[in-house]
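The structures considered in this document are given below.
The following pair of complexes shares a single chain, chain A, combined with chain B in the former and chain C in the latter.
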Partner chain A sequence: MKKYRSVIIQWMGLILVILIFGIWSGGNLFSKYNLNSMIITATPLLIACLGMSFIFAHGGMDISSGAVVALASLAAVVTMNGSGSLLLAVIVSMLASMACYMVNSVITNKFGLMATITSLSIMFAARGLVTYICQQTPNESISIASVDVTLFKKNYSFMVLVAVIAILVLTVVFNYTEIGKGAKAIGDNSRSAGQNGVPVDRTKMTCYAIAGLCVGIAAIFKLCSTGMVQSTTGTGMEMDILVVVVLGGMSLSGGVSTKISSAVVGTFTYVFLVKGMTIIGLNPNIVVLIKALIFLMVIYITAQRNTLKTIPR
Partner chain B sequence: MDTANVILEAKGLTKRFGEVIALNEVSLQIRTGEIQGLIGENGSGKSTVSSIIYGIHSPSAGEMLLKGKPYAPKSPLDARGHHISMIVQEKDTIDMLSVAENIFLGDEGRFRRGAFISVKEMYQEAEMALRKVGLPQLDAARPVGELDFETRKLIEIAKALYYKPELMIVDETTTALSHDGRMKIYEIMRQLKAEGKAVLFISHDLPELMEVCDSLTVLKDGELVTTIPKEEFSEGTIKRAMVGRTLAGNLYRTDYGNRLTDQVAVSVDHVSTEVLKNISFSLHNGEILGIGGLSGSGMHEIGKVLAGHIPAREGTVKVFGEKLQGIAHALKLKVGYISKDRDVETLILNESIQDNLTISAWSMLKKGKFFILPRDEKKFARVQIDHLKIKCSSGAQLVRELSGGNKQKVSFSKLIGNKSKIMILDSPTRGVDIGVKTTMYELINNLKHQGHAILIISEELPELIGMCDRILVLKNGRITGEVKRHKNLKDVDVIDFMI
Partner chain C sequence: MKKRVLAILLMVMVVAGLLAGCGASNKAGNDPADVKKVKIGVILYNYTDIQGKEIKNYCDNYLAKEFPVTFEYQTAASGDNEAHLRAVDALISTGCNAIMSGYDTVIGETMEKCDSAGVYYGILFGEAKNEADKDGKYNSYGNWGTTEQSNLYYSDYFLGGIYQFGSDHGYELGKTYGQAVVDAGVKKVGAISFPAYAFSDAIVICQGFTEVLGQAGVEICPDEKTGGLPAEAGFISVGDDTKAYIAKYTDMDCIFGLSSGMDMVLPAINEVGRLWSPSNTGTGSLKLASLGYNDSSAKYLEDGTLLIGGTNNYVESVAYLFTLMFDAANGYNMKTAEGSGFEYNATINYPTFSNMEELKDMETYMLTTVNNDFTKCSVSAQEIKSVLKAYGGSGAWSELSGLVSRSVAEIKEARQ
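Let's look at the complex of A and B:
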């Protein structure tokens, strides 16, 4: 029972959010329109968070995801408009995003830098590149031309299907393979993990590759729903991801207590919360402020929980 | 009872951690001008007593009187303010800070001159404090990280003494120290005693306690068994009180047959590293080979080279004829290693016993090419927990909650679980009580008879002499001597090669 306490708290939080805003909005929250719009927001966010869980599990931190989404979207839209192939664009998006994350991982491992700092420079580089290229165009943006993207834009059952597959596959990788288990062991004690035969650098790199892949998929959904890329594409995504996992009760220090279900619960809570606040007519700027407060509060609670006292020798 | 010179009196101290009762109604008195020993098996509550007195934990029930006045420290700082100091078993200094900064950590304010700290004055005071522990030549400006373990311990003692403790708690500090280091600590304790101060000395080492202490309090399973005055000290009495039963005579193995198999498990050929110089030896199947030496002799580095953690700069290490390349390769060749720093390098304290046991056996547990199923992990862990009788509520219990002896059992179980053929055991009984020690020695002996090749690296000579077929002695990175197992082998025969 005690073991599942934090999990229960997170789910209760989600149910509470749904109930409060469901009643407050007079049931409007569950209208077809609102549900569909939430699916559009939730799908890319959920997939990105699932992938990022692998980075958080091994004690890493990444703030480049928003900029990487922009860069991957850019690569995808250029491919799409050039070749006319949606499938090719999807592949290019995933590869571009993975490339960013692999560069991050290689630099971090080779030069022993802090992962956060490396991701900061990746963020600047990617964002800078996107801004520069967009500025060269007449509208300062590149739109999807003549390719049918309904599948990623309006086909809600397809989105739910992709999300469910992502949850299933990544949960298995996270909990029942050497990659996920290794990442968690590294998060708890990388030295000991290494001496017990966990290939530390390789595992970290695999985690970054998985995160990259997921962010790349998220980018395609984002691109298709907005229909274009501009310099502000994806901004704030990195913070949204942090709010989501923290809302889901994930400890950002990594280790075995990292649960991938946090990404799932967190995404739902986040999406319902933001949508609910919008429906009841809160000023969008106040919504951002509330996000910040929630972030602080949950971090505080998480930090409290981690200073559990233990029995001395 | 005479209460005249009682400095600290504890009445009915009880400490619960969740459902576990770590300490149950313990009452004791510590007197001035006396060194009181505290002994008990791992998990008996020794450290709980000291951490309550030092303000790390507060008792669930019971009270303490310091010089007759109620005493309930809120923090170690509070305890220090009451002139109570403690030296702990593990490292308690910060590597990046200088010696002086470590000594005055949290109390830099005493050197405040206006808005600034007078560094000069701080260093002067630090050097004075260092002189008291016999380190007059040590530069107080050096970062502590550059110093060896023993010097760091002495710095902690210097810090403790600086605050003129009326009561000093020495918690299992000596186990990790060399002979010289121990002698220094004994001397300091005796000096405190002569000055009319009180010392509470916690240790596993019975001979040391019997030599140093004036009285000895025995704890068992969180309860006070008895307090024995010096006149009644005898190994038998104390051990019986500790264990609650009579221990069978011999701790070590008793056979002296010296026959080695000619199957070589590991051959080390002219290996040099930064520390080691031209080391050659071979380890046979069914052999227990000991490596002895003083700290700094390079003995611990040998273990790391054999386990693939440190590459040989020159020369080769061959395991079953194959040249060793790195940790993963060593594990594949069934080389198991338990580090001296078990809590940092071998175990993952924040994870469960099950996770700790399975981590080095993932390749064996894998279904298909990728999947490790919880059902298999649980079964695997269950077998190991039962095999070594690890005391725990379940495999899901965190390793950090276990006592030292049970932690070491988990380390051993990892090697047995992943079917290691070669076992490199660095300080296998460090911080482990007699009960578990006996189990370990029995186990090592059994493994030998099953044909495992075992390397014991130890600073405890009796252990090496009692267990090993051969002992190699190291000094300054070189092998200076080899001693064969013999009934009449004495400490001095080995020490000769060390110094």
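Let's look at the complex of A and C:
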């Protein structure tokens, strides 16, 4: 029971949020529109967070996901409008995103640059490229032309299915394969993990590739929900991801205590919390403030916990 | 364990504490018993400039006290379509019956949300053109998107928009500005505006403007790309773009600021020391023709820096959409009602001022945050009720249209 205490607390937190806002909103939280709206918001966020968990597990950090979403969406919409193929656009989006994360991984791991600094560079490069290309168009944005994107935009069953598959597949990879176990071992102590046979560089690169893949899929959902790409696409997503994972109880310092379920429970808690606050008419600026406060609070608690329990490096 | 519980408790307390100050009261007044309480969402770029302040003041301090209506506000930064869609989503989630937006972009995507939620939508400052050609092609600015989205133009929930510069898209208005500039005796004139996709009427306004200048032999300072007026500025770089533009033309002696002339263009000219004033009259000092108004307009008009200014009649715009939305939410949709004579766009008045008397009248009969007297406002509750079916009014679009297109002089006459 003690083993599952933290997981139970996280899920209890989610239930508490749902109950509070469910009652406060007079049941409006569960209206058809709001449930659908939350599915649209949660699907890309959840998929991105699941992927990012692999980076956080090995002690890495990434703040480029919003800009990478913009770049991957741009690549996808250009492909879509050029080829008329949604499938090809999905593949291109994933490849573009993976390319960004692989560059991030190589620079961080081969040249020893801090992960935050590398992802900052990727963020500026990707955002700059998207802004420049969009500014060359008459509308400063590129819209999806004639391809039917209903599947990714309005088919809520499909969104739920993709999210469930992502949870199942990535949970297995995270908990039962060398990639996930290796990432957590690196997160605890990179040197001892290497000495115990974990291929550190390769594992880190695989983790970045998985994150890139997931962010690429998330980009397609984001693109289809707005129907266009512009310079502001994906803005703030990196912070949303960080808030989600810390809300789910994930340790940003990585290691064996990192749980992929944090991404799941964190996403749901975050989405219900934000939607709940919106429904009851809270000022949008206050919503942002609350997100920041929650982030700080959970980071503080997590840091205190890690100070007590961290394994010597 | 204790710390985790503490974290959750703190989180709940923070949220609860911040929520404690929330909540709104609504006074229904002497409304007919069967009039339904309506909630209307508003989306603007901000609520701190004259436009935002005027709209919020008229809604909260007048309409909400005269009708059973509450207003919810969301902000979406200029040009950020994703933020606009988030704002629409938030307003629908809060249970709004209708949404009026300052944006005239991403209408197709917005209408998909509104149509599916049964929420009425209208554009405060932009026309409901459907150059999607009704055959599914893109319009020139991509506002309607796909064929499926274009069909939402005909949705019962899309209530149209507004010609904010007249049905000629501002051609005559441009001529008025041109004449004021010519009358002031300036020799070389420039103009600067927002990106064309966001403010397409600026091109037409400048056509009228340059026609008058051309006839009077006044030289213009053309944009490098287009060879004509206006020069284009970015949303967030208006100041810098203005400085770069006027740096190219050192002998320019007047600029037509269409990208918020008073709030953005004038400060930029001032910062580089080229703003004309009684003590700065040398070559290169610039007078201003402003599409826009703020509380310093009187000062600059009086000293001769500002040749002509003007602004939308925000009250007329809000009153128009409010009337359509309030009645629609109460079961009478003017768009679909037989014999209502509904058209997709109403024309609001765009008053200009080139002397203190005109400015004073505009402030008294148009700007509720300046005169603080709703008995003189552009569209009164009684006038709105005369159209609202919910209050036994005519429900006629032509009557509503007439009500929201009055000039300042006509409003002044009606209030005396």
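Throughout what follows, the second predicted complex is superposed on the first by the 308 of 313 C-alpha atoms of A that agree within 3 Å, B and C clash if a C-alpha of one lies under 4 Å from a C-alpha of the other, contacts with A are read in each partner's own complex, and residues count from 1 in each chain.
Rule of thumb we're sticking to: contacts are C-beta pairs under 8 Å (C-beta built on N, C-alpha and C of every residue); 3 or more make two chains touch, one makes a residue touch a chain.
Predicted model only: the values in this text are computed from it and were never measured.
Superposition of the two structures on chain A leaves chain B and chain C fitting side by side, clash-free. After overlaying the two complexes on the shared chain, residue contacts for A:T278 are found with chain C alone; chain B is out of touch.
Once the two complexes are overlaid on the shared chain, A:N155 sits clear of chain B and of chain C alike.
Contact with chain C, but none with chain B, is seen for A:M228 once the two complexes are overlaid on the shared chain. Legend: residue contacts after superposition of the two complexes on their common chain; A:S146 is shown touching chain C, with no touch to chain B. In the superposed three-chain arrangement, the CA centre of chain A forms the vertex of an angle with the CA centres of chain B and chain C, and that angle is 140 degrees when rounded to a multiple of 10. Between chain B and chain C, it is C that contacts the larger number of residues in chain A.
When the shared chain is aligned, no partner comes close enough to touch A:N109: not chain B, not chain C. Of the two partner chains placed around the shared chain by superposition, neither chain B nor chain C is touched by A:T131.
Contacts of A:V256 after superposition on the shared chain: chain B is touched, whereas chain C is not. Nowhere in the superposition do the C-alpha atoms of chain B and chain C come closer than 13 Å.
Taken together, the chain A residues at the contact with chain C in this complex read 5-6, 9, 12-13, 16, 20, 24, 28, 33-34, 37, 138-141, 143-146, 225-228, 230, 232-233, 235, 249, 273, 275, 277-284, 286, 289-290, 293-294, 297-298, 301, 304-305.
Partner chain A is touched in their complex by these residues of chain B: 17, 20, 22, 42, 47-48, 51, 56-57, 89, 172, 307, 309, 327-328, 331, 337, 339, 344-352, 355, 359-360, 362, 366, 370-374, 396, 398, 400-401, 403-404, 414, 431. Across the complex, chain B is touched by residues 3, 172, 175-178, 181, 184-185, 188-189, 191-199, 255-257, 309-313 of chain A. Across the interface of their complex, chain A is touched by residues 1, 3-8, 10-12, 14-15, 18-19, 22-24, 72, 74-75, 77, 79-83, 85, 87, 89-90, 92-95, 105-106, 108-109, 116-117, 138, 140-142, 145-147, 149, 195-197 of chain C.
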